[in-house]
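To start, the structure itself, in structure tokens.
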Amino acid sequence: MRNGGGGNPRACGKRAAAFRFKRSTGDWRELVADPNIDVVDICSPNHLHKEMALEAIRHGKHVYSEKPLALNARDARLMVDAAELAGVKTLVGFNYIKNPTAQLAKQIIKRGEIGEVIHFYGTHNEDYMADPLVPIHWHCFKEMAGLGALGDLAAHIVNMAQYLVGDIREVCGDLKIVVPQRPASAGSSENIAVENEDQAHAMVRFEGGAHGMIETSRVASGRKMGLTWAITGTKGAMSFTQERMAELKLYLQSDPEEHQGFRTLLVGPAHPDYGSFCMGAGHGIGFNDQKTVEVRALINGIAADVPLWPDFAEGWKVSRILNAIALSHQQGRWVNVSDVV
Amino acid sequence: MRNGGGGNPRACGKRAAAFRFKRSTGDWRELVADPNIDVVDICSPNHLHKEMALEAIRHGKHVYSEKPLALNARDARLMVDAAELAGVKTLVGFNYIKNPTAQLAKQIIKRGEIGEVIHFYGTHNEDYMADPLVPIHWHCFKEMAGLGALGDLAAHIVNMAQYLVGDIREVCGDLKIVVPQRPASAGSSENIAVENEDQAHAMVRFEGGAHGMIETSRVASGRKMGLTWAITGTKGAMSFTQERMAELKLYLQSDPEEHQGFRTLLVGPAHPDYGSFCMGAGHGIGFNDQKTVEVRALINGIAADVPLWPDFAEGWKVSRILNAIALSHQQGRWVNVSDVV
Amino acid sequence: MRNGGGGNPRACGKRAAAFRFKRSTGDWRELVADPNIDVVDICSPNHLHKEMALEAIRHGKHVYSEKPLALNARDARLMVDAAELAGVKTLVGFNYIKNPTAQLAKQIIKRGEIGEVIHFYGTHNEDYMADPLVPIHWHCFKEMAGLGALGDLAAHIVNMAQYLVGDIREVCGDLKIVVPQRPASAGSSENIAVENEDQAHAMVRFEGGAHGMIETSRVASGRKMGLTWAITGTKGAMSFTQERMAELKLYLQSDPEEHQGFRTLLVGPAHPDYGSFCMGAGHGIGFNDQKTVEVRALINGIAADVPLWPDFAEGWKVSRILNAIALSHQQGRWVNVSDVV
Amino acid sequence: MRNGGGGNPRACGKRAAAFRFKRSTGDWRELVADPNIDVVDICSPNHLHKEMALEAIRHGKHVYSEKPLALNARDARLMVDAAELAGVKTLVGFNYIKNPTAQLAKQIIKRGEIGEVIHFYGTHNEDYMADPLVPIHWHCFKEMAGLGALGDLAAHIVNMAQYLVGDIREVCGDLKIVVPQRPASAGSSENIAVENEDQAHAMVRFEGGAHGMIETSRVASGRKMGLTWAITGTKGAMSFTQERMAELKLYLQSDPEEHQGFRTLLVGPAHPDYGSFCMGAGHGIGFNDQKTVEVRALINGIAADVPLWPDFAEGWKVSRILNAIALSHQQGRWVNVSDVV
């Protein structure tokens, strides 16, 4: 369900034919009500997530939704409650934590190899709107997208932070619209105001005591897939960039002094979920492979009736943190995440 | 057809069931003769390629074979001739040249952006047999594998060299068995002699005048997927490592002096065959994605009846070069590739 | 003047002999009063900077002081005023901005090549106190060092931010003592409380409108010389790490789409202050070379009677920013730098 | 003695004044005969090394000469014999092996940490003549320079190979003039023929059994200081590039499988000769620092009357290897280094 409700049936039919789908419909409600369907995958613009999800849940479907879960934490909470009440399974498409490299990082932390985490620095920067002549887009409007770079990009790095370090308790953020107006369409001389942040950053404090920084931008020239993080522990450190998604840098204080240095681990069959793709280390993992891991988790989780993660509850937590960052910016002070309704 | 002739039907059935294949057989000849089959994919050990391919060709099948095409150039030539006579299409699984990054490199050379190529340095190093306790394996026997690291690994980088720089005319090589004996099986105290080279390298001269070096090893500690190359031209240079398969380094002499430097291109929708995988640059390409590009080329090529490349003729060229390198080592002199029968 | 007042004359004599200095004294006041001396270089622990500098200025000496200039902004201000009144020249040892690579970055910004700066992320992380068994040190006491990692390390990256992006107007910071107690000496079982921050970070806003983040730590495992920065502009971006001090990464949006990527510039004779060290690019610049550039600037500046930078006024600005970060942490709110006295 | 005999006394005087040298002379013979001089440093073009060195030795001076030692191995041998007979000390300016990082690599090999060396790949590529409009230069003439890129650049990497892996026994090489003619001077329309190789490479075999490859070029676009090497051992591997001269990559097979990867060692006080430059690791070493290590070795070696290395005997060995590579190219066969007179 990439397109919103009221889709053009002819366009839908065309697209379905291109993909050789057996059937198609221009009316998502029809689809969601179909008794032959078990799981609904929501890839529509943000403002439709809630409505579609609630309707799917009402029909007892499991729901797999793109991030951010909703336009704001309050809506996300409604979705969590509906899913819990209906007893359906949910999954949010935070696919970057499904990367074998991310899972390896998680293992390393869990085994205590870098000690207690004391600092996290994470970014999700891209440059798809760096050029001020890139036309306005639904992502730029509050009503359709909610937040800007925070919702579209930072949702991923916040989820990654929660996955690797644990729940974020307090935040203090700063937001900025860098390009105040954009052309109505490519080449148009009509300009329309951008309503939400092009870039933002925040200081955060984790429940476990670690401090962290989150940075996001959709106008960060040169960053094509700038999901990156650096984690410092009391006994070591790790760093990662999604642009080299099959590599993890690891530093262990326990190495002998003359051999200390960050090592570059190439993800391989010794690491989680890689062996299904390739028998040899270093042969590489692509964007779609992590999506495959995610979808397998969804299917297996439903088939075996086991909990999925990151579910809507996690999606709500992320939304709450993003809302807290925006609120903190408005009020120029630290905000407790739990104070966001 | 991963397993050889006379396969155990029960094992085949089990494997087929695991993959939910509709049918299976322990007898590859039965498969190859099946009139419902259009294309045969040969993934068996090297010594079976010839027999299987010839039989498939005899039944008018198109053939998609793993590299090296055959145990030696002479056998490869027979396969080329048979396919030509039968009018079937052939493709050899040199999948690394299907990587969008490799295709981008080819474009850059073709457009003359780095001038005339004057030097090529290419490697395919791995470390899967670096540990001397890794047991003997069919790759180590002349009768089953032909050459050692040259056939198993260098085939790829030689094909890459031919793809990017053009035909190799002369070679002068050096081969070495580093681990002369290996355990008969894991933990066994019985040792069996390794019959072919663990590592090899060669100087080469291209038809176009460029000089080059080829290096290969299956005992190169630390190299997990060490297919790498550096190409120097009269106006620029490029370099690449498969361990970072979505990156290309490019240097252009035409850049202003104070801004000269290798730039790191992240493969994206502006480059060949990437857009089908992802709309954003830098999101990454995995090993299986290049295999997908290869298989699509196979299917589309057969459907549209257009030439495929690298076909058996290219596979034969590569085998001839590898044989020439081995011959040159034996005789301690330069060998003309065309002198290899 | 590395050691404080009341130095042991015998130890001083020994050290002077080792370096073949013609003379030495255990009493810095004697030195500072010597009419044969033009310039005084202060390398003593932080709490002595003020007293030594004021005394030197009283005797009409030019003063070259290590950073941070003083224990706090108020003291730094006194030193600025004294120097101005006496008409002597001052220089603070912020040597990292003297690196040819830093100067190149400044040029690129000044020429507008990356457009208007919209974001700065800078760190100065090291791990010299990452091991909790590293004994207590004067840097850990407020009375001797003032701030912790902020004073010892962040002073450099704050100065770099000011050099590259301009004056910082507002800050909001967070500080943390990670290792609350340390052994009194190596191997001692007596523990002494650490009084100032092991790590800190802050959001900043520049006068010019850019947003930024500053991060510092003396317990950042694996970071040996973690002075790094990434600058995003409206037309490009740059990044740098001091551990590869002869390299600058530069991205220009104006590059054709298929050739976009960060280029790695190796500093060379085409760039500022490099040619005096080496005729060839890429041959490398070391830590002491940037110190040499600094000292040359000092000597030439005094000889030619031209202004030096970063002078005490800049040292004071940096101290003020660091104090503002600490204050903001205490009060949980943004602080205007100009509100710090 | 940078300029040749018969130097213009006025030019010499000017230069000496610029450096505030107390005296100067246009006649190197006068200098070399001066009884107040202990050591003569020869930085003149290659064809003058022999004459100057022999004359200096005749006057009982210790001699420190730039590489290559002479125009050919035969001349180098004469210089070795003369020095031995006179009992003077000699040192050749192969400064790259004095880099603390190179010394660390040597230690690691010596301690057996990467096992027995089985492969060496080394380059010294630069691009100072990549542009065909760079005018002709004494390096391009056989009478003044002897070999081309081999003598000017490969001398360094051959010496590095000997230092790290041991003596080279056999070679097989290939040479090429890429730009056959160059302008007589900048902008001139008169073209003059280049007499020696712009690029060359060779396969080598070490006494200890390892195989290797050497590559060199003065027309390798983009390589500013392309002295690089990769060493493979039976238990690990290392790699290095002079453009990041303070880093060593090290891979140890003994690391647990899930933590295997090349680690980046930043040279520091735990490594040889670094502590004299800086107390902290990762702060960087520059080109001139390795030269400083070299000169200290020279001075201390003479003062303490201990052997120096690489002395003229090593310089002769390098010349012999380079000559063997050229000879092997002429004859299209492997050449035993000991067969070169």
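We call the chains A, B, C and D, going by the order they appear; numbering starts again at 1 in every chain.
Just so it is clear, a residue touches a chain if its C-beta (ideal position, glycine included) is under 8 Å from a C-beta of that chain, and two chains touch if they have at least 3 such contacts.
All figures in this text were calculated on a predicted structure; none of them were measured in a lab.
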{"item": "Between the pairs A-D and A-B, the one where more C-beta pairs touch", "value": "A-B"}
{"item": "Label of the chain whose CA centroid is most distant from the centroid of chain C", "value": "B"}
{"item": "Whole-Å gap between the CA centroids of chain A and chain B", "value": "37"}
{"item": "Interchain centroid distance [CA atoms averaged], chain A/chain D, Å", "value": "53"}
{"item": "Per-residue overlap in chain C, given as positions that touch at least 2 other chains", "value": "223, 260-262, 266, 281"}
{"item": "Chain B-touching residues of chain A, taken from the complex the two chains share", "value": "126, 128, 223-225, 242-247, 266, 268, 277-278, 280-289"}
{"item": "Parts of chain D lying in touch with chain A, wherever the complex brings them together", "value": "104, 250, 252, 255, 257-266, 270-271, 281"}
{"item": "Contacting residues of chain A [partner chain C, same complex]", "value": "114, 118-119, 121, 125, 127, 130-132, 172-174, 176, 178, 199, 201-203, 205, 211, 213, 215, 217, 219-223, 232-237, 251, 253, 260-262, 332-334"}
